[in-house]
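Paired with chain B in one complex and with chain C in the other, chain A is shared by the two complexes that follow.
And then the complex of A and B:
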């Protein structure tokens, strides 16, 4: 679905952000895009959606060049940005004004998600809190049934129950022909949701594996200072250490935060 | 199903529908505010002219002032989403082609204004005139007509083709220049557009002055004529008309490429 090869990008009068960036993503997954501040996560999402234009290299999304912003691509791509704007109208009017542009829009799904998020159709968008606006935008994004959903920090501003709801809705509403790319710093919010991890650092993809592949290679356990010796990477936590160890122990859930710190500190898991 | 990636009339209509839904409260309010201001301006101007000295020419003069000032201001707010990054993102990702968005902006900002503004003005002028004539019978010239305005363009009952072209292009320029500026500049487009054109015009006059002085072109005047290089005034108007067409098309091209290459 997404093919990036030798992508070169820089903002005007700024240092090069991506040089020779290459990555390939297929439909049917929820991919977590991780990276430090300034690593280029949001820029990459904007390049995918045609909001930024690459300087050189190949960038193809569903066999389209996003920079051309062709309708056949735009009605199959939806981005939930970190900062967004809504006109001063009701949810009902927003739906009336925007849904005709999305041929696969699922009104029933929207109604269902809005009920789960406790958002009524008559509410004015400008009067909603930031978190409520974000929930509406996520609900709208899901209901477009776009094959590529790009979510930039989707859980920022959501309360704890809403974060759980977000995970439930996202996991339960996707089709196999859809790809979701989530950029986030709140890795705990997307644990048990994403099935693939990409880590960006210094303008390069330094890690790209599925959760299954990671689980087969390493385990994440709590341990003592003795066990720390055998760990690939460890971090002190109250009462001991969190360890990333070679597999051989029981299969564990992937601790994305620990994995991220290990990878960005130069450790490899094979 | 094959999606039309060039131009769809249906999607253009959807853009209009979307605009109307979003602004369904703002448009009536703006219309009421504009109409009210215009009627107050008429009354104020008629009071100054002591009602009896009010003529159709006053209506035309007021119309030209309002048409130019409001038209420039309205065109300068074209591409409203470009004023903020968040709005730009929504706008650029909306599934409509650049050509549909561009045509929509031209129709809603320039064509709609040029067509609707005179009609609205005519209705309000006659309405206000009729009402005030009822209470102030000394207001005898209260029926407004655009006929006098058109007579200024038409000479001896005939259209002077290039004069008409130049006039029309000049009018269009007033709208197209701020329109292009609104597409090109994200922040304070009107101020930046006026500044840009001021710099261009000043540079041109400075260049012409220096050229005139350095080459001593004054010596080239044919005896008894004020024109340099050209045979007569008609040729000058023709060339200026062609020049204005080129300038307007170039400005539209700038607006088009600003939209096409816009990033957020």
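And then the complex of A and C:
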């Protein structure tokens, strides 16, 4: 669905952000895009959706070049940005005005999600809190049924119950021909939701593996300083160490934070 | 000090389904939730639930009736019991034995606990 090869990108009069970025993504996945502040996560999402243009290199989304902004691509791509602006109209009027752009729009799904998020159709968008606006935008994004959904920090501003609802909605309302890319620092919020992890660092994709591949190669355990010897990476925690060790036995839950720190500190898991 | 580590999420889901079978909530022949429904209920990636279902299918605990769904197999209960017994002896028991040795607990000390748990849940 997404093919990027040797992508080069820099903002005007600024240092190069991506010099040699390559990555390939297929449908049927909820992929987590991780990276430190300033690693270029949002810029990459904007390149995918045609909001920014590459300087050189190959970038194709569903066989389109996003920079051309063709209708046949734009009606199949939806981005939930971190910051957004809504006109002063009701949810009902917004839906009426914007759904014609999305041929696969699913009104039933929208109504179902709005009920779960406790958002009534008559509510004025500008009177909603930031978290409520975000929930509306997530609901709208899901209901477009666009094949590419790009979510930039989607759980920021969501209250505690809404984060769990967000996971349930995503896990239960996607089709196999859809790809969701979630950029986030809140790894706990998406822990069991994502099936693939991409780590962006120094302008490159330095890691790209499925959760299954990761958990078959390495285990995440707690242990003592003795066991630390055999670890690929370790961090001190109260009562001992969190360790990433070669997996010799049963699969453990993937500790995404530990994995992220290990990888961005130059460790490899094979 | 030794910690019990958290199993991979796909195994946790397998355990929870197996438990429901053992408790009689999912008796043999019963249809279990679809991949998508279970994923939605737990907020877990559908590919992970799919992995659980293929694992349970390989072990003979559930059957896939094409186009209809997944059903608890007729032999599910003995298969799960054998699987879980093996897991107990391989994984859980060594940790318990190690703790018993460190604390210098004797077999005689443990016997009353077995007797009392057999009669009631009180310790």
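Convention: the second predicted complex is superposed on the first by the 269 of 270 C-alpha atoms of A that agree within 3 Å, B and C clash if a C-alpha of one lies under 4 Å from a C-alpha of the other, contacts with A are read in each partner's own complex, and residues count from 1 in each chain.
The rule is simple: contacts are C-beta pairs under 8 Å (C-beta built on N, C-alpha and C of every residue); 3 or more make two chains touch, one makes a residue touch a chain.
The structure displayed is predicted, hence computed values, not measured ones.
With chain A as the common reference, the superposed partners chain B and chain C fit together side by side. When the two structures are aligned on the shared chain, A:240 is found in touch with chain C, with no touch to chain B.
Shared-chain residue A:55: touches no atom of chain B or chain C. Look at A:164: by the touch rule set out above, it reaches chain C but stays clear of chain B. Within the superposed three-chain model, A:93 lies in touch with chain B and out of touch with chain C [touch as defined at top]. Of the two partner chains placed around the shared chain by superposition, neither chain B nor chain C is touched by A:16. When the two complexes are overlaid on their common chain A, residue A:81 makes contact with chain B while staying clear of chain C. In the superposition on chain A, no contact is made by A:230 with either chain B or chain C. Distance between chain B and chain C in the overlay is 28 Å (nearest C-alpha pair, rounded to whole angstrom). Shared contact residues of chain A, touching chain B in one structure and chain C in the other, are absent. For chain A in complex with chain B, the touching residues are 46, 49-53, 69-72, 74-75, 77-79, 81, 83-85, 87, 89, 93, 96-98, 100-103. Note for the complex: chain C touches chain A at residues 1-3, 5-12, 36-37, 39-48, 51, 91.
Residue ranges on chain A touching chain C, taken from their complex, read 28-30, 164, 166-174, 192-195, 211-212, 215, 219-224, 239-240, 250-254.
Listed in rising order, the residues of chain B touching chain A in the complex are 1, 3-5, 8, 11, 14, 17-18, 21-22, 24, 84-87, 89-90, 92-98, 261, 263-264.
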